[in-house]
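Pasting the structures in now, so scroll down.
Heads up, the next two complexes both have chain A, just with different partners, chain B and then chain C.
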Partner chain A sequence: MVPERLQDFKLKPLKCELNFLSKSDGSAILSQGDTVVLASVNGPLDIKTTSQNIEKATLEVLFCSKEGKPSVADRFKENVIRNTCETAILGCLYPRTGITLTIQELENYGGLLTCAVNCACLALINSGVGMRHVVAAVSCAVNEVGDLVLEPTQQEAESARALLYFVFDSRDKNLVTGFTEGTFSEDTYEEALVRCRLASDFVFQFYRDVVKKYSNVI
Partner chain B sequence: MKVSIGDVVLPGDYFDEISTDNAKSRVVIGPGLRKEEDHVYITKAGVLKKKNPHTYWIDSYQKRVDIGGSTTAALSYLSFEGATKKNRPEVQVGDIIYAKLVIASKDMEPELVCIDSFGHKGRLGVLTDGFVFKCSINLIRKILSPQCPLLESLKNEWPFELAAGMNGRIWIKANSMKETIALGNAVLGAEFMSQEEIKKMSNNISATLAGHVY
Partner chain C sequence: MAEIFKHIYPSKYFNDYISRNVRPDGRKFDEHRDVKVNINAITSADASAAVKCGNSTVVCGIKLELAKPKAEEPDTGFLISNVELLPLCSSKFRPGPPSDHAQVINNIVSDIVMNSKCIDLKDLCLVHDKLAWVVYCDLVCLDYDGSIVDACIVAIMTSLKTLLLPSVSFDAETEEVKVDTSARLPLKIHGLPVATSFGIYEHIPRNIVLADPSAYEEEMCGGVGANLIVCWNKGLFCGIQKFGGSNLSTEDEKRTLVLAKEISKLVEGVIETCIKNDKVK
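Presenting the complex of A and B:
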């Protein structure tokens, strides 16, 4: 990794508070730029026998949008977050139990989904659930000219030709989740993947700083 | 990422010092660590600690104890001192019990007892009166640690009873309501304080309490 290149990757400023909610087992509030998301984790808990899995924990994700009305888009986000977090959690440590992850959108100025995934990961870290690795989500837009923009703002995202979302694990920076909207060439995809992978280091470093800040006071 | 003792660690980090240690000695891998094929991986965020000779664990923040069961625990009628099938102990639903775990396996229902292996109850059993509140496991560990000055300094000020359970619940009992509230606030307030701050706070509280009582 070349340091000069890393400087080029400006992510939105990240701010986080852990243990934001007093009653849940783990919670985090995260702001990425002006987008703010609150996540809460409860579990491992006893759940009804029909949804129990004898091999691993059942992860349930609830996404609440600001309007409060459930929509198909919310279900889609829930699915993405559930699949992502299921790979991160060591579910086999908690068989026949359920873990509930509730995510509340507070402000949306673009990059809501990446913020939600990162916030969910921080809440899981705070809850002390055993995890295989942590995950970092980074998004990327292809603008009208064909240039790549990391972490696009609302306006950039709306006018973009394509949007690409990537989630990486912290072990080998492998791709955990990836999905796209719009049209783009294969080379663009490859380059976006490389750039986002480099940028994910910032997010992982941020997680480490947050945990460091909190480990001093315990 | 590769880490070493004393570092702030995240899930997915690994560390190699265990494998390079003397292979003959017994190594204990504590909470937050997990062995996979080649390395020992970290599963919880916190600080990696080591106790000689070869005990490793992660000091992490969490509110729920992993006793291997999210379900209810079993408490047998016969697990009290002097209990027989005819002579049943007086335990009602809703009672607070100071007990310890005999079985804490991932795949079985946990079981509680209120006697030690000699059949004596010691301090275990039903706790009458008093007040129970929940807190984080770190706080329990903190106040139970011999270095923590909280209980040392508070116990000289006014009489009280306290039982701190590793399930994140603390039971307290004092002579008056005021003393109970003061004690509860002192314990909860100590969560993020250093030792000096705790000493100062205990003095403050006892001074305030003395002012109210007399």
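Presenting the complex of A and C:
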């Protein structure tokens, strides 16, 4: 496969504001295209003894959808975000404590989960919790013809044959989390993985820019 | 002595085994546990299967009901799956409403069945906008010893493959429904999705991939839900899922995909033979 250049990729425009909330330890509001998510991190905090872990910090994730009604799909999203962020956080630095991460969906025009993971990561950076690496989520759709579309819009996602979501770490670009919808061939999967891995560089660069912008203010 | 050591230093105990290229239960890294399938374990259900993958045991029972299709999709029936992880199967689970973990497992199982497109929901519709089958697939875990999604998929697919739908006559004028349970037809199934779980153990110099991890191995590999689950159906992927846990390098990932293909072929063979043997009887 010919290695593609970074400029060939088009991700949705990213806009972010850190310290959006005054009372939380870290917060970020992130928009990817028209999708907007707000995340807040509190911790390390005292939590009840039953959920304490003597080895590492317990990460609690709460995902609030726009409708406000909790559903099984929300539990699934929480699970994805919790497991992803748990690998990123250096939990062993804060044993017997809890870190709570609250995510509020504000606008959903497709790519909600990738936006939520990226926003959660930015909020964690802002909170100053020790981290092994940062994570970047990129999604990809396979359309009816079989072509790959990075960061699909809602219409593209609805008509797609398959949707693939990947989260990479910033150190070796290894796969942290990945999950898929629909059916696809092995070659498609490999190609999507390579493309998303390259595109994740954009997100990491964006993280750097955001932190640089805020570093003399914090 | 070894048992005490395991309780005092759980990670070291596990690590000692892995450094000697063997797993605590004597398997090789890429070796999976034996799969046993028993069809029609529950005679009162419309279709059922009991599956054992190593010690993990799952029973699936299917119940049929008739209902009116949804107004927005008047040509589709319903396939509803429910995974129950009761306190019976492991000390990890408490009585009460379904835990987050059970909800996530249920979500993964129903996603795999839906994504594989092995069942066309339109086949479940009997009369446009009037009558459709509701297929309730209840999965109960009896013994939780890791790789529960694999066992659930085998159980649900075996039950669906043996499911016979009774013939139904519908009078359009009186809206009277007659069900004839003596004449039954099998449900059309396209392919046979099989899921394969892998645990990824953080190890220096490189991470180790363990096929079909047991509950203890899952715990060592980053806790429940950190498995890599690969699902094949008719030479296509219908789900590759990994939520956190240890990171996976590109070479390891390619190897697991190949391994998953081999294992899924074997499991497919088990299911097919079991159904064939049942028909002979």
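Note that the second predicted complex is superposed on the first by the 213 of 218 C-alpha atoms of A that agree within 3 Å, B and C clash if a C-alpha of one lies under 4 Å from a C-alpha of the other, contacts with A are read in each partner's own complex, and residues count from 1 in each chain.
Everything that follows uses one rule, which is that a contact is a pair of C-beta atoms (placed from the backbone, for glycine too) under 8 Å apart; a residue touches a chain by one contact, two chains touch by 3 or more.
In this text the structure is predicted, and so the values were computed from the model without any measurement.
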(message) Let me test your reading of the model: by the given contact rule, A:E107 touches which partner, first (chain B), second (chain C), both or neither?
(response) neither
(message) Applying the document's definition of touch, where does A:D169 land relative to chain B and chain C: first, second, both, or neither?
(response) both
(request) Report for A:E158: first if it touches chain B alone, second if chain C alone, otherwise both or neither. (result) neither
(message) Under the stated touch criterion, which partner chain does A:T84 make contact with: chain B (first), chain C (second), both, or neither?
(response) second
(request) Check chain A for residues that touch chain B in one structure and chain C in the other, and list them. (result) 169
(request) Flag every residue of chain B that touches chain A in the complex, lowest number first. (result) 1, 8-14, 32, 34, 41, 43-47, 59-64, 66, 70-72, 106-107, 138, 142, 192
(request) Sort out for me which residues of chain A touch chain C in the complex. (result) 72-73, 75-76, 78-80, 82-87, 169, 172, 174-186, 189-190, 193
(request) Quick one: which bits of chain A touch chain B in the complex? Just the residue numbers, please. (result) 18-19, 25-26, 43-46, 88, 90, 93-97, 125-128, 130-134, 169-171, 204, 207-208, 211-212, 214-215, 217-218
(request) Using the touch definition up top, name the residues of chain C that touch chain A in the complex. (result) 100, 103-104, 106-107, 111, 115-117, 222, 225-226, 233, 235-250, 253-254, 257
